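This is the structure, below, for whatever I ask next.
To keep things simple, chains are lettered A, B and C as they appear, and every chain counts its residues starting from 1.
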Amino acid sequence: MSAGTARVIASKDGAAVAQTALEVRDVSLVFNTAEGKRPILDRISFDVFDGEILCLVGPSGCGKTTILRLLAGLLQPSGGEVLFEKSRVTGPSRERAIVFQDYTNALLPWRTVAGNVALSLEARHIPKDQHPGITAELLTKMGLQHAAQQYPNQLSGGMQQRVQIARCLAQQPKILLMDEPFGALDAMTRQALQDELLQLAAEQRMTVVFITHDLEEAIYLGDRVFVLASNPGRVVEKIDVDLPRPRSQLETREDRRFLAHRHHLFGLLQGH
Amino acid sequence: MRRLLRASVFPVLVILLWEITSRTGLLQFEYLSRPSDILLAGYSALRDGSILLATWQTFEAALFGLLLAVLVGILTGTMLGLSATTEKVVGPTIEALRPIPAVAFIPLSLLLFGFGLPMEGMVVAYACVWPILIATIGAVRGIEPRLLEVARALELPFAARLWKIILPAALSRINVGIRVAVGFALVVAVTVEIIVNPRGLGYSLILAQQSLRVDLMYAQLLWLCIVGYAINAALRTVKMAQPAIHVGGRL
Amino acid sequence: MKRQALLLNLSALLFAICLLAIWQVLSDLHVISPVFFPPPTRALSELVSRLSDGTAYLSIQSTCLRMLFGWLCASFMGVVLGAAIGSSRVARDYLEPTLEFVRPLPASAIIPVAILFFGLTNQMSIAVIAFGAVWPVLLSSVYGFSSIQGRLQEVSAVLGLSRAEFLRKIAIPSATPDILSGVRVSLAISLILAVVTEMQASLPGIGRDIFMAQRSFRSADLYAGLILLGFIGFSINYALVAFEKRALRWRNPYS
C-alpha cells in the first residue's frame, strides 16, 4: 500500500473486510461518588481498524480520556468489554502505547533524552549494547538527534512531547493511543507535530487513536472521526474522512470536503 | 474514626504481644519491663507528682532558652535583614559558628554558670537562636516591597508602619523559625539534663536507670513521647489559627 | 561587580578578625576572666600543638568513626524501611501514626536505656546515634516513596516493568532528592549524638576532651575542641551538599 491511498479497508473477497485492532463492545463506566453513582460512559461500541487513524472529538468532560484509558487497560469498564486482537483487555500492555498530555510528568527527569527512550528498550529486555543504535535511529526520526544528551527540563514543550512519542515508539507498540498530545503546545509546534505524526503513521502503518477537542485537528489527521457527547459519554456520530493522503497543512485545510466536514462537525458539537 | 482504629492496631498488637511474652516467660530481658508494670510505675509517678515536677523543670529551662533566643534572634535578624551589606559582613562569622553543635557548649556553660537552670537555659538558647535568626533575616528581607510602598503612600508614622505592616508581614515566616526552635528546645533541654544537669525529665531518666527502676524509666520515656506529641499538636493548632489572626488585623 | 564581592568578603574577614582581636585584648587585660574566656591565641596554639603532636587525631578519628558508622546504619535502615512503608498505602495508614508518636522523643533520652543494654561502650554510642539519626532519613524516604509521580506509575504499568524494575529504575531515582536531604540532616544529628554519648559515657573523642577540659579548668583546650567540632561540622555539611549537587545534577543542568 502506498502512502497516498486511503488506508482503512483491506478488501479480500470483494466484501469490505477490515482487520480490527481494537473492539469496544457495549462499554459502560460508572463512578461511585459521595452523591451516588455517576454514569461516565453509556454503552459505547465501536471498532478500531488496523492501520487507521481514528480521532475522537468532543467537549471537555465527555469521557474521551476515559475511553482512551479503557483502551489502554488503565481502567476497567463497569459493563461490557474491550477486546484487543480478539482477547479481552484486562490491564495495560506494551503493545498499546499511550502518549499523555502532560508530557513533563511522563518523562523521567533524571534521565537524558536518550535515557528516557532507552527505558522502553530496557522494558523489552533488549541487550544493552543494542540500545545506542536503536535510540539514535528513533531520535533521528523524531528530529531529536542533537538533544540526545540533554535532560527533559532543558527542552521546550514540543521537544519533550517528541521524546515521549519516541519512547512510545521504542516500545514497538501495535497501537498508539494519544491523549490530546498537542494540546499544551503553541500553534506552530502543533502543526509541525501533526505532520510528523502523519508521516510516522504512514511509514510504520500504525494504528492510532487520537483524542482532541480541536475538530480541525481531528479532520486533518483522521481517517475516521467520532464525535462524542457528554453526560453520559456516548458516540453521536461517526464520520469517514475522504480526504486524500498525504495531507498538507495548506491545501488540505482549504479543500472543499475539509470545510464541509468542519461545518458539519461544528454544528454537532454546538448542539451538545 | 476509622483512621483512629487503624492507627491503634499496630501499637496495641505490639503491647499485647509484649505483655503476653513477658508474662509467659517466653521473652525474658532483664531490662525490658512489662507494659503493665510500666503503666503502674507511670501512674504512681503521676500521683506523687514527681514526673510533673520534673516536666515543669524541663519546661522552665526550655522556655528560658527560647525567650532568650527569640529576643536575640529577632533583634539580630532584623538588623541583618534590613541591611544587605551588614549581612554580608557579619554573615560568614555566623556561618562559622553555626555548625558547632549546641551540646558541645555544655561544658563551657557549666564552667560559666555551674549547675542549675541558667546553664541549661543558655545551651537551649544557643541551639534555638539559629532557626529564629535565619527565619527573621529571610522574613525581613522578603517583605513584599509593594506593602512597604502602600504604607508609605498612606503616610503612616514609622511606629504604625512597623506594627501594622512590617511585623505582621514578617511574622508568619518568623513563626516557622520559632516552631523549629520549639522542637529543638525540648530536645536540647532533656539532653543537657541527661548529661550533666541534675534537674528535669532527663535527670529523672538517669536516676531511674541508675537505681535500676527500669519500669519507671520506660514510663518516663512514654511520658516524654506524650509531652512531645502534645506540643507538636499544639503548634499545629496555632499554625492553623494563625491565618485568622493575620486576616483579622485591620489597617 | 566582582570588585564589590571581593570587598565584601574582605570586610567579612576583617569583621571576624576584629571580634577576635577585641576578645584577645579584653582577655589579656583581664577585663573578662581569662579562665572562662581565654585569649583566642591560646586556644589556637593549644589546637595547633594537639594537632601537631597527634593527640587530636585520635579524638577526631574516634568521634568521626562512631558518627559515620551510626549514620550509615541509620541511613540504610531508614531507606529500606522508608521504601517499604512509603510504597504501600496500607502500611502508611497503619504505621505512620505510631511513627509520628515516637518521633518527638529526644534521641538522647534513649541513652539510659542503651546504657542498661550495652553499658558504657561504643555499642551504646552507636545504638543511640542510629536511633536518633534514623528519623530524618526514614521520614523523608517515606515521603519520597509515597509521592512518586502518578503518571510515572502508569508509564511503568504500560511498559510492563516488574516490581523490582519499577523500584530500581523509577521509585528510587524519584525518591533520591528527598532521601539525600534526609541523609544530610541525619549526619548532623549523628555528630551531635556522637558528642553527647562521648560526654555521657566518657568514650574517647572530641566530646570527652571538651568535657575533661572543663573539669580541669583547661579552658583553652575547651575552646580548641569547639573549634575542631565546628570545623568537622562545616566540612561534612559542605561535602554532602557538594555530593548532592552532583548527584542531582539533572535538576539544574545549566549551573
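Keep in mind that, in the parts below, a residue touches a chain if its C-beta (ideal position, glycine included) is under 8 Å from a C-beta of that chain, and two chains touch if they have at least 3 such contacts.
Small disclaimer: the values here were computed from a predicted structure and weren't measured.
Colleague: Which chains are in contact with both chain B and chain C?
Modeller: For chain B paired with chain C, there are no chains in contact with each.
Colleague: Quick one: which pair of chains has the most contacts?
Modeller: The chain pair with the largest number of C-beta contacts is B-C.
Colleague: Closest chain to the protein's overall Cα mean, using per-chain Cα means, please.
Modeller: Ranked by how close its C-alpha centre lies to the overall one, first comes C.
Colleague: Could you work out which chain's C-alpha centre is the most distant one from the centre of chain A?
Modeller: B
Colleague: Based only on mean CA positions, could you tell me how far chain B sits from chain C in angstrom?
Modeller: Chain B and chain C have C-alpha centres separated by 19 Å.
Colleague: Take the average of all CA coordinates in chain A, do the same for chain C, and state the distance between these two points in whole angstrom.
Modeller: 51
Colleague: Just give me the whole-number Å value for how far the CA centre of chain A lies from that of chain B.
Modeller: Distance between chain centres: 56 Å.
Colleague: Multi-chain contacts only, two chains or more: what residues does chain C have there?
Modeller: As it turns out, chain C has no residue touching two or more other chains.
Colleague: Chain C touches which residues of chain B in the complex?
Modeller: Residue list for chain B touching chain C: 3, 6-11, 31, 85, 88-93, 95-97, 99-108, 110-112, 183, 186-187, 190-191, 194-196, 201-202, 205-206, 208-209, 214, 217-218, 221, 224-225, 227-229, 231-232.
Colleague: Would you pull the chain A residues touching chain C in the complex into a rising list?
Modeller: Contacts found on chain A: 72-74, 91-94, 96-98, 100, 102, 105-106, 108-111, 119-120, 122-123, 150-151, 153-154, 171.
Colleague: Of all residues in chain C, which touch chain B in the complex?
Modeller: 8-9, 11-13, 15-16, 19, 36, 93-98, 100-113, 115-117, 191-192, 195-196, 199-200, 207, 210-211, 213-215, 217, 219, 222-223, 225-226, 229-234, 237
Colleague: Please output the residues of chain C touching chain A within their complex, sorted ascending.
Modeller: On the chain C side, the touching residues are 149-152, 154-155, 157-161, 165, 169-170, 173-174, 176, 248, 250-251, 253-254.
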